[in-house]
Amino acid sequence: MIASRQPNGSAISALRSLLPVLVVLALIALVPLLSPSNRFLSLAISAGINVIALYGLSVLFGQTGILSMGHAALVGVGAYTAAILARDLCTGFWLALPAAALASALFAMIVGIPSLRVGGHHFVIMTFAFGQLLAIVLTNGGDYTGAATGLDLVGPVTLFGADMSDLTRYYLMVVAFVAAAAVASWAIINSPYGRTLRAIRENERLAASLGINVGRHKIGAFVVSGIFAGISGVLLAHFLGHISPTQFASFPSIYLALMVMIGGARLIAGPLAGGILVAFLPEVLNLDPVQSRIVYGVCLIAVILLLPEGLIAGVGQVFRRLLASGQPKQEREELDTASTTPSEVRR
Amino acid sequence: MSPILEIRGLSKRFGGVTALSGVDLAIEEGEILGVVGPNGSGKTTLFNVVTGVHMPSGGSVSFRGRDITGLKPHAISRAGIGYTFQQAMAFAGLRVLENVQIAGEHVRVNAGASHHPWPTPLALLDFVGLAALADERAGVLPFGSLRLLGLALALASRPALLLLDEPAAGLNDRETAALVGLVRQLPGHGITVCVIDHDMKLMQMLCRRLAVLDFGSKIADGPTGAVLADPKVLDVYLGGDL
Amino acid sequence: MRAVDIFIQQILNGLSIASVITLIAVGVTLIFGLTGIINFAHGEFLMIGGIVTWLAVSAGLGFPLAAVLAILAVGLMGYILERGIFRFTLERPTNGFIVSLGLIVVLQHVVVLFWNPNQKSIPRPLTTVWEVGGVRIASVRVMVILITVAVVALSFRMITASRYGRALRASVEDRDTAALMGIPVRRYITGVFVLGSALAGLGGALLIALFPITPFTGGTMVMKGFAVALIGGLGNIYGAVAAGLILGIVEGFSAGYGFSQWTDAYSFVLMILVLLFRPHGLFGGTSGPRMAS
């Protein structure tokens, strides 16, 4: 029994989950060969920047089970850090990256310590409030934060002397960052640290009984999500060249939560799928922004009620159930610990 | 030899209700001690205070001579006291092997048993007889196997002292016998055991020594046979049944 | 104006805003406190109440009839959404919360789709302004305050004094036992949800009587509603009213004395502080119904 198990068997199966994501990203990196329109590139860059933040959210929500409504605020801290550093210290893109990651991580810690103390359903409301507060503070920050109009960010992004500001190059750079974010998130999920976070998600009391410092790890997960968000913020600020407070208030946070849940927060492919779907579905279906928002909202509700582990996992499950339709259905329901299917509601 | 766990004058009040009043209890290294008492006698409160869920209102708990009164649950576990719950036995959404891996990753190596009898998670699963189910999600295990997995999780945290809260609740006779067989081996692996339960049959199978709680106080403590013959215990707890 | 006049003026202004916030907060405190459903789309319910009022008044109806229509329409919407969506999330409050986020997006943009994103206003239903000393009292503000007081008092009585109220509170304590005792818990949850929704409909009608609204008005209002509900203590109507008053007055003063840009921040700051130091609210409440695990 024991002998038949390869010690590296789980490492190989873990790699198998990352591989499709990297293949898809490699294909995406080849798209410029088809000389796509500038509109496509801009959309893809925005989607990619979101996906980086979503990988952080997937560690927080998918692995640890903590839902945050302040993730856009963490992206905003990163973006403002980049813009203020560029203005005051003429700091370039590459130096802004670690600085913004640090700033967002610090902000996450400052918000996380009191919010997680509150616990339960109130946590999500706390993060929402902190997100709104940040937007208010930025709006009232006078010249330092540029008030309601926000800040401009000028200065080229260079890599080994090459100007990356060109749309195609920026696109390629964002794809590389997305790949890095996916690999980082994959590494976290498959490490003992990721297991610890999942243990907390499953049962905090049992986790504590095994020596896990639940409070500290939850704050840690929040900080990790902040690092992803901070980096995403720098890319956003340099891409847009202008940032303003409303971009980082609670509604953008809601959209980020929506994307990660549509894609599936627990899967390594989830954030990528969610970010791409939400960015490109309206293009494909030829919807205007208002219609597409309605479609997202309906999708989100449908996903939560019908496919609680996200679209990708849900489609996979339906597929598997079709293949093995002889299997008893009961087993699947027991497997879905997060599911709330209508049949479970008793009253 | 000094006891591995020493509880002195432990009290716990909830509002106006006294759940524990001045309980003294010493657990000797290498024994299997049973703590019994009717429902509401304070067993679960004792368990919760020792494992750090509740702060005691008075008294102290020391483990291997170190004062651990009021430490948080994770710190108690790291000090070398493992414990299992009646309800939360395993991480239902994770695989069985993953469950045991997690449990082994947060111990200070020198905290609990000096040598670990089960070097790998699989060896531990083998010990409790669940190795064949290593890749299943814990949530799909039958109840009896889930109890055994709960035991494996507690053991993986390398305890020197293991507290079991109603470990056989909900098990059939065959499963109970299997559990008893496992628990009896633990002192041989350097693990002291304290079982908290009201199931007298189980206690007679497992424990040479019993402590009896009633209304938050200890009313008897001694060899199982003597305690069961104690008229006070018969009167208060067993209602003259035995 | 004398200082004391300004003071009284600000209190009156603050109270009328506080009334609308209190109506949301009472709905939130009832729904979240008694059923465990965290409906962040409650602000959109309010906004739709305002839109219905606007449509009705634009069609030539009087304000009172329009307000009744708003109450009925939003109550009906609450019924449909509870039966169609929220009841499937009762055992998993987080899912209910996420669903409500989806609803926010849908409701806002459906309104934009049909009636464009611009501001909508109605002529003031009452135009009289009384001058008392140096204080100008707009009768429409007094109307808003009085209606709120009456409606909140009625809801309070319904929850605390009636047979239904007692059964309802029993089902908060322990849903399963209440169900065993023959209390139709499911129907009560629906009832509370519809009542809370109807209050939001009324709030929307009153809001548009005071200010113009947009399809996005709900966002800030619901946060304030949740803040007030949590500050007052969940499930505690009296607490919600008291907290609503405090917040309304603070906001009124702040606006009156030149700190209007920070107005929206107070509710959040106050809520964060209350949750940290008095998690059951300033006036005590439940921590939400116990969930079947």
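Some observations on this one:
Here the chain labels run A, B and C in written order, and each chain numbers its own residues starting at 1.
Everything below uses one rule, namely that a contact is a pair of C-beta atoms (placed from the backbone, for glycine too) under 8 Å apart; a residue touches a chain by one contact, two chains touch by 3 or more.
Remember, it's a predicted structure, so these values are computed and weren't measured experimentally.
Sorting all chain pairs by how many C-beta pairs they have in contact places A-C at the top.
Farthest chain from chain B, judged by C-alpha centroids: C.
Taking each chain's centre as the average of its CA atoms, chain B and chain C sit 50 Å apart. With each centre defined as the average position of its C-alpha atoms, the distance from chain A to chain C rounds to 32 Å.
Our note on geometry: chain A versus chain B, Cα centroid distance of 41 Å, whole angstroms.
In chain C, no residue touches two or more other chains.
Looking at chain A, residues 338 sit in touch with two or more other chains.
Residue positions of chain B in touch with at least two other chains are not found.
Across the interface of their complex, chain A is touched by residues 38, 85, 87-95, 97-99, 101-106, 108-110, 112-113, 175, 179, 185-186, 219-220, 223, 226-227, 230, 261-262, 264-265, 268-269, 271-272, 275-276, 279, 287-288 of chain C. Those residues of chain A lying in contact with chain C across their complex are 67, 114, 117-118, 120-122, 124-126, 128-130, 132-133, 136-137, 139-140, 250-251, 254-255, 257-258, 261, 290-291, 293-294, 296-301, 304-305, 308, 338, 340-342, 344-345, 347. Residues 1-2, 5, 192, 195-196, 198-199, 201-203, 205-214, 331, 334-335, 337-338 of chain A are the ones touching chain B in the complex. Those residues of chain B lying in contact with chain A across their complex are 51, 53, 72-74, 77-78, 82-85, 88-94, 98, 101-103, 105-107, 122-123, 126, 131-132, 134, 137, 139-140, 153-154, 156-157.
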